[in-house]
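We call the chains A, B, C, D, E and F, going by the order they appear; numbering starts again at 1 in every chain.
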Amino acid sequence: MYEIGVVYRNIARTDSKIAGELGAFGSATVHEAMGRVGLMKPTLRPIYPGAQVSGNAVTVLLQPGDNWMLHVAAEQIRPGDVVVAAVTSDCTDGFFGELLATSFKARGARALVIEGGCRDVRALTELRFPVWSRAISARGTVKATLGSVNIPVVCGGALVHPGDVIVADDDGVVCVPRGRAAPTLAAASKRQSNEDEKRAKLAAGVLGLDMYGMREPLAAAGLRYIDE
Amino acid sequence: MYEIGVVYRNIARTDSKIAGELGAFGSATVHEAMGRVGLMKPTLRPIYPGAQVSGNAVTVLLQPGDNWMLHVAAEQIRPGDVVVAAVTSDCTDGFFGELLATSFKARGARALVIEGGCRDVRALTELRFPVWSRAISARGTVKATLGSVNIPVVCGGALVHPGDVIVADDDGVVCVPRGRAAPTLAAASKRQSNEDEKRAKLAAGVLGLDMYGMREPLAAAGLRYIDE
Amino acid sequence: MYEIGVVYRNIARTDSKIAGELGAFGSATVHEAMGRVGLMKPTLRPIYPGAQVSGNAVTVLLQPGDNWMLHVAAEQIRPGDVVVAAVTSDCTDGFFGELLATSFKARGARALVIEGGCRDVRALTELRFPVWSRAISARGTVKATLGSVNIPVVCGGALVHPGDVIVADDDGVVCVPRGRAAPTLAAASKRQSNEDEKRAKLAAGVLGLDMYGMREPLAAAGLRYIDE
Amino acid sequence: MYEIGVVYRNIARTDSKIAGELGAFGSATVHEAMGRVGLMKPTLRPIYPGAQVSGNAVTVLLQPGDNWMLHVAAEQIRPGDVVVAAVTSDCTDGFFGELLATSFKARGARALVIEGGCRDVRALTELRFPVWSRAISARGTVKATLGSVNIPVVCGGALVHPGDVIVADDDGVVCVPRGRAAPTLAAASKRQSNEDEKRAKLAAGVLGLDMYGMREPLAAAGLRYIDE
Amino acid sequence: MYEIGVVYRNIARTDSKIAGELGAFGSATVHEAMGRVGLMKPTLRPIYPGAQVSGNAVTVLLQPGDNWMLHVAAEQIRPGDVVVAAVTSDCTDGFFGELLATSFKARGARALVIEGGCRDVRALTELRFPVWSRAISARGTVKATLGSVNIPVVCGGALVHPGDVIVADDDGVVCVPRGRAAPTLAAASKRQSNEDEKRAKLAAGVLGLDMYGMREPLAAAGLRYIDE
Amino acid sequence: MYEIGVVYRNIARTDSKIAGELGAFGSATVHEAMGRVGLMKPTLRPIYPGAQVSGNAVTVLLQPGDNWMLHVAAEQIRPGDVVVAAVTSDCTDGFFGELLATSFKARGARALVIEGGCRDVRALTELRFPVWSRAISARGTVKATLGSVNIPVVCGGALVHPGDVIVADDDGVVCVPRGRAAPTLAAASKRQSNEDEKRAKLAAGVLGLDMYGMREPLAAAGLRYIDE
């Protein structure tokens, strides 16, 4: 499936304004706006709470215990990008730490999403360079085997093409394909305004049962109320 | 085992003063006071540190990927309740987020304990509405299949009846059956006062070996000391 | 493999100055300085972020659901020690809580590393007594079966002898054998100064590809660049 | 929740004819006939393939690493019973092996379901004494702490009362409450005869789409067919 | 990422002769011949040992706890196909059992690969209809929410397009993209003949160290031999 | 902790007669005879049922995704040895397959125990070369980074020195240190003869409660019998 030993340069990216606006909605709203697809597995967790980012995906395919291609990827980063790193087999090693974060940040990257481990989390937290990873591990890696940069990768169970929009926050990481970024933004926007209204009603004590008109379908499905 | 498609209303609850006082002791002390039973599995974790709550259980049985019954449960909440949600098969989806939390809070709920996933954790943290869950996931759910409300449920490996007292904090979640709430409170209270005394001694450098009189039983069990 | 029912007293310890200086480098640097060995599995996590400690290992072998030997270990603690507790079979129970932490702290211990569970995490956080554990659980333990103190133990997959140096922080826990503490310190120190230089270059936008001279070996390995 | 240190004798059992007939349907059919509830988690697996049993539950509550109460339970076994053992915290130790199996078999037990570990699996396979367990482990247990026999227990996430019917096979373990055994048998029987008919049709090439009349609801739900 | 609610008909398939010949090499050889990519995660396991199949992928996207789309997929099966089913979120329910297997077999399917659970494993074993799944569970599913058929899916971490070749055996499941089937077959064939030769030498006692010429590179890497 | 890049030759081994006799007792009995220590974690499972082996440990330390040192180890094997392979970080790749098994077998090895993955399991089953591993995976490995041979390693949480006796069967893998092999054999032998007697009594219907004299200590611990 994967092409090994290649680096695609000058990839097409999603309009950065759209990418930025998608990020403001957060992963849950974007995931709904996508039709509830595109979410990475919840085993990918942020290394510190409160980060919320979005950007164009620069993708990397790593070999287990080997972070060589992250150095190759650094050169392909443009301001506003989010690096997405898959690994060819499960590995919790700390592929990424303070030095690479310094380099990625200098290149303009906003975050890393990696289906492996990460280290130097205190330094990364101080740098405010967020990472979503499967593990935290002090164990470093070698630089011996080729992978690829900017090929389509599967990360956290989601397919990511270079130039797709990545939206990541405390709830997880979602990937919006480049071709669906604009309609997803429109759908997210519509969804959000609905939510503001609903929130106000619910805060005032209105029940979702009434607000969503659920009583009839629940009765039709056979729900019975019993007084104790 | 479970009755599907029913909502029990007007359930008997534990005296709210007892429920509140149990909460002040925390899950570890209450668990000991219960005779070391009633604890949910440690895979249920709080979404933010520092929350400590107690209250009467309103129970919910959910189907995987479906949060319909949480809306039904909202109507059954009374001030001071803690909602406890079991799922009929393992599922990490985000069954609960900001909108439901707004509604639950408006109804007077203090917390949610759910053997599934939760989302909008940043908003929930700002709302100070604590959730103990198995996972955090941006993935939302459908509203298609009935479960039940206020039937006995197994959540996190513990059996919870509606009206039982739930005590939850950073150490986990414990369920105190309604009929044992008063004696458990008495036992917790006694245990606590013992602990204050012990803490002072240990802080002063007294060894547990001496304070608990362990040297003799250890020797009887055959413990040998060897100088290197 | 393990000797059961013994306590070794007056164990040889690593020079405390060396132990302290190793801690300042953190687990990732020390692990690299060791030749990338000696790290415990990443399933051992700190109960609160930001702690960074080092010290001489006092080792404990526990039986599942039984913390008797932690009381025995307390007497063997000297100021600056880190207690390392293995368990003879996987168990997430809360072997350690506020009372033991008070005692350990009074004896001069700096931290606990345990391949089991821990409880009272809010109190431990307030005490600033850090614990690296596999789980957090309110469930307490009995005191019925002997283990040992200050025998070599396997904790988190790493072999730890009493008097080895333990370095623990947000990235994990590494064990430096007593006989390798001094050369590891030298290697870590050298590595660190290199890192400072590299960090400055990378922050200035220099690529690792150039700084590490990777372009040639990558080409030799067959890496191809393709313009889209 | 659990009462510790008690043994209930002379428990009420389900009619053995009903229990036996339920077993013949297997866990999947019985689970459906129950309304898709009562199934234990799929982490409980048989130690060898092909066993299919049913019987009245004799329940046991064990402490981690301690099999004392299995010896107490042996005396309460009557011919045709299935022993169901819960543990107060997660433990993979081998609580049960050849000697206990010999005793259980001599008392007439048909199987063991245990939320812990099991050992001597080769001998148990030769004895044809099936066990559904969470793990296989050579590690034995102590006999030091009381649990209970014939109290309601939560095993594999399912609530089991003594005298409930347990149905176990390669697909898992389901618990049928005593009071629902007869109607569940009727429902299973009806379901089974339907299945025979369906199987014949499907084997002849009829599609489920047509047999179940799914084409219309699928179209109503919006399913679109696209020719490539 | 995924398109929901669509069924692609008349998908392009890989030449059945090539698909069949790839299967004869087994997953390990094919994976190597692909350049060590395309393998599904090892959490997908066969329900019985010894099955070895290959065929064209018919892909299915399922919703958790819902097997509606497997019925839709049945109609798209042609003789020699292997059905590959992804699920939009982790779910161990038994999506597939004897009735569907009867239907799939009648349509000519050779196997199912599913990132969910499977049931009726004894019947499937007797039918010799192999399934690679993440779990075995008696729990059935509902038919309420649309997914899709014959869209590209991520299953077990591997991207599968309809018409790709699936090779599955006791070692796991590998996906060969349609466009790479012929060159992969050639590479596998070459690799295999090399292996026969090597096997004979190794069986005669020749060391891999000598046969592969490893002694020099090992020495160059610094390997030292020490006599005890 | 680990010395990297070394091969110890001519290691001391345990008397092969003792090693063989230990194997006949099986892992559970040997583990008990050791004082219930030395067992590897139950996550190491045999690739086929029914194998029972013992032999002297030849140890290997591997790097993740790299099986180079298994080739180095082959040369150090003597008839009757069992190879024990640890990995420096968690990795499920298939480090070992048919070719290496052919070589190991030609050298006289009886089995492999590996804290990683294994492949070609059908061929290994036909060869009757048993492997205890953490995973089965078709994914092969590279040969790029040094480890070591015949240094002490931690495998499955147990410390193994070269020349220790490994006993492995369906219940798991236990390591008997060379210096304790003779007394462990004596203890196992004594334990076994006791077991034969006990088995006969239990088969005749005698209860463990009576045979082990448990009724009095149970009553002393407070066990109460209640007639329903």
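Rule of thumb we're sticking to: a residue touches a chain if its C-beta (ideal position, glycine included) is under 8 Å from a C-beta of that chain, and two chains touch if they have at least 3 such contacts.
What you see is a predicted model, and the numbers here were worked out from it, not measured in a lab.
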For this session: Moving only from a chain to one it touches, give the least number of moves from subunit A to subunit C.
Result: 1
Exercise. Stepping chain to touching chain, what's the minimum from subunit B to subunit E?
Worked result: 1
For this session: Could you see whether D-F or B-D has the larger number of C-beta contact pairs?
Result: D-F
Exercise. If you list every residue number at the subunit A and subunit B contact, are more than half found on both copies (same) or fewer than half (different)?
Worked result: different
Exercise. Can you spot which of A-E, B-E or A-C is a repeat of the C-F interface, where more than half the contact pairs line up?
Worked result: A-E
Exercise. Using mean CA coordinates as chain centres, what's the subunit A-subunit F distance in Å?
Worked result: 42
Seminar exercise, completed: Per the C-alpha means, the centres of subunit C and subunit D lie apart by a whole-Å value of 42
For this session: Determine the centre-to-centre distance between subunit B and subunit C, using the mean Cα coordinates as centres, and give it in whole Å.
Result: 31
Exercise. Out of subunit B, which residues touch more than one other chain, so two or more?
Worked result: 36, 39, 88-90, 92, 137, 139, 145
For this session: Determine which chains touch and list them pairwise.
Result: A-B, A-C, A-E, A-F, B-C, B-D, B-E, C-D, C-F, D-E, D-F, E-F
For this session: Sort out for me which residues of subunit F touch subunit A in the complex.
Result: 63-66, 88-93, 137, 139, 142, 144-145
Seminar exercise, completed: So, in the complex, the side of subunit B touching subunit C is made of residues 26-28, 31-32, 36, 39, 42, 45, 49-50, 52, 169-172, 174, 195, 198-199, 202-205, 207-209, 212, 214, 218, 221-228
Exercise. Which residues of subunit B touch subunit A in the complex?
Worked result: 5-12, 48, 68, 71-72, 74-75, 92, 94, 97-100, 102-103, 105-107, 117, 119-122, 125, 135-140, 143, 145-146, 150
Seminar exercise, completed: Listed in rising order, subunit D residues that touch subunit B in their complex are 1-2, 4, 34-39, 41, 88-90, 152, 154, 157-159, 175, 177
